[in-house]
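Chain naming follows the written order as A, B, C and D, and within any one chain the residues start at number 1.
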Amino acid sequence: MQKTRLEAFSDGVLAIIITIMVLELKIPHGSTLDALLPLLPNFISYVLSFIYIGIYWNNHHHMLHTVKQVSGGILWANLHLLFWLSLVPFVTGWMGENHFESLPVALYGFMLLMAAIAYYILKEQILIKHGKDSILAKAMGTDFKGKISPIIYCIAIAASFVNTLIAGLLYALVAMMWLIPDKRIERVLESD
Amino acid sequence: MQKTRLEAFSDGVLAIIITIMVLELKIPHGSTLDALLPLLPNFISYVLSFIYIGIYWNNHHHMLHTVKQVSGGILWANLHLLFWLSLVPFVTGWMGENHFESLPVALYGFMLLMAAIAYYILKEQILIKHGKDSILAKAMGTDFKGKISPIIYCIAIAASFVNTLIAGLLYALVAMMWLIPDKRIERVLESD
Amino acid sequence: MQKTRLEAFSDGVLAIIITIMVLELKIPHGSTLDALLPLLPNFISYVLSFIYIGIYWNNHHHMLHTVKQVSGGILWANLHLLFWLSLVPFVTGWMGENHFESLPVALYGFMLLMAAIAYYILKEQILIKHGKDSILAKAMGTDFKGKISPIIYCIAIAASFVNTLIAGLLYALVAMMWLIPDKRIERVLESD
Amino acid sequence: MQKTRLEAFSDGVLAIIITIMVLELKIPHGSTLDALLPLLPNFISYVLSFIYIGIYWNNHHHMLHTVKQVSGGILWANLHLLFWLSLVPFVTGWMGENHFESLPVALYGFMLLMAAIAYYILKEQILIKHGKDSILAKAMGTDFKGKISPIIYCIAIAASFVNTLIAGLLYALVAMMWLIPDKRIERVLESD
């Protein structure tokens, strides 16, 4: 029961984030191609953020699938994750509006980094509640992707002050890496 | 379980899209009929988009009714569909704001086309997971409406550069066609 | 199942309408009372609309409680109701922004009238599906409130061109009338 | 059933409030640190409000866990609570935009005070329906936090006209106090 409501609330917040981002795609004055084209950076950052929120929803979905009991720690770790993700429309809009300038690109990476850390904390809170022999613990294994992502974000943040294209490509790289669904949890769940 | 959360997330996103569109209906300055009337094109495009999102919600609802297992492919095909639909408030606002000029009307059709393709991909992903003897496969049959819609969208996109009224009427025609509920799935479900 | 998703979608749309209305309460420039006070009409129309959406959610909740099967007619009658309610943030903002001028007040009443008619159509669709001996049919009885409300809205729309205060009081009167919960359905349900 | 829909609607509204607040964080023109830094007060008030909505969601979740039957009184007391919370994006934006000037800080406290009173009324409505021997009644006990919070809000509102920093610290203090999860209800539920 309690878990259902946690999932419903998280789904709600993620669904709203992914949808209201479009409100930062300001409708251009004029109906010509010249009026539309300057929105291309906004659109690219929109696509990137849409994919990231989709990935978080997907992984969140898989991870909570293994949860049996919700503790206060899990509740607040979950809200902490949603906090950083709630800033996605802002950093996405700022990055797109400024055509991928250094500081907005770095701030976008900082948000991704904080969300990754928040996701890690949430995982730890679930493991504390469910033990080292739980499905999640077994499924996680070494959790390579969870450990490498924050490192890449840090490199990308540094890179954004040198060459923002490199930073952008690194963000896209991490997204690609996560788009491959987390077979680990699915495999352990099925063999259970 | 997994399916429930997929439905809940999709319902959430569709509910938000259909509702935040109203925020693109900018409140006019002044309280006279002269201040309100210029919003008529915005209102007409609002009504059209409301009907389209309603149709997608309705059909999505019917199609997912037949799903028994959710694969990674279904998850991402679903997000891909939601991506194109998430652009509805933007293309609706742009089309209305510019009083149905050629390019905005064509872009509106392009969004409809991409959403139709995404819907087709989602259907294929469900069929892959559930087999050719599944309820959905039987219900779909030749899927006339699913095949004719993208063709009409393409004609409408081309027409929008000649006469936007023709394009608009074609969009309305497809909407009318889909408003007729998908009796096929209901019939097969009942006879099951 | 099908009914659950209809309720969830309607709840989602109503929850979003009731919440995004606040975005039409534009934050004033300046931090003095002089900056805040001009928002009083906006706030009053906000309160009125909040109560109306609350009433619709409450009654919708009671009415759908009696539904056993969802037909295509019920689905579309429900979307039709949500369409008129989705315009609430717009008419609320316009009425508040223009300090209750005649035309915005009349348009607000028109939206209420159309929503009332849509609610009536939805009720009819449910009755068609469930029969004259259904719980809803028994509970409705003469449906005095459902019949008197549209009449009062019509009077209020006419009144708004003479004296907007009278129109406003009539809207408030109908809201008061509906705030009294619909004991009829509860009574019949309990005696069942 | 009825309770499920009340929870779903409340979760929806709270999820939307917590997420659309970000739309009041207006994207700065310019991509420099000088453009971003003036948003610091907006960000701080955003964080404070995010925590408050999180607390309300969490406590609401615990309190409704004990509800067995939903009365009309509970429904309307719940909507009354959601009304005051729905103003959070407005008061948060106004307070941040004006860099914590006296009147916006006082209005923020007034909203918190009204929400606290609304929460108290909701609790009373649940107790009326479920009796003095119910789980909630036992769990609440003296309800120290529920009684002290409104008093601190009143002091903070008064303080905001003398020194807004004191008011801000008092708001943060109450948030801290509530962040500690309500062990009382959990304890009684477990011993049941």
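Here is the rule we use: a contact is a pair of C-beta atoms (placed from the backbone, for glycine too) under 8 Å apart; a residue touches a chain by one contact, two chains touch by 3 or more.
In this text the structure is predicted, and so the values were computed from the model without any measurement.
Undergrad: Name, by label, each chain that touches both members of the pair subunit A and subunit B.
TA: Touches both subunit A and subunit B: nothing.
Undergrad: If every step must land on a chain the current one touches, say how few steps get you from subunit A to subunit D.
TA: The least step count works out to 1.
Undergrad: I want to confirm something about subunit C and subunit D. Since they are copies of the same sequence, is their interface symmetric in residue numbering (over half shared, so same) or not (under half, so different)?
TA: Different: when the shared numbers are divided by all numbers used, the fraction is under half.
Undergrad: So how far apart, in whole Å, are subunit A and subunit C when each is placed at the average of its C-alpha atoms?
TA: Roughly 37 Å separates the two chain centres.
Undergrad: Please compute the C-alpha centroid of subunit B, do the same for subunit C, then give the distance between them in whole Å.
TA: Whole-Å distance between the two chain centres: 26.
Undergrad: For subunit A, give me the residues that contact two or more of the other chains.
TA: 8, 12, 16, 20, 23, in rising order.
Undergrad: Which stretch or stretches of subunit B touch subunit C in the complex?
TA: By the definition above, subunit B touches subunit C via 7-8, 11-12, 14-16, 18-23, 25, 27-28, 30-33, 36, 47, 50, 54, 57-58, 61, 65, 179, 181.
Undergrad: Could you pull out which subunit C residues touch subunit B in their complex?
TA: 1-2, 5, 8-9, 12-13, 16-17, 20, 23-24, 72, 75-76, 79, 82-83, 86-87, 89-90, 93-94, 97-98, 101-104, 107
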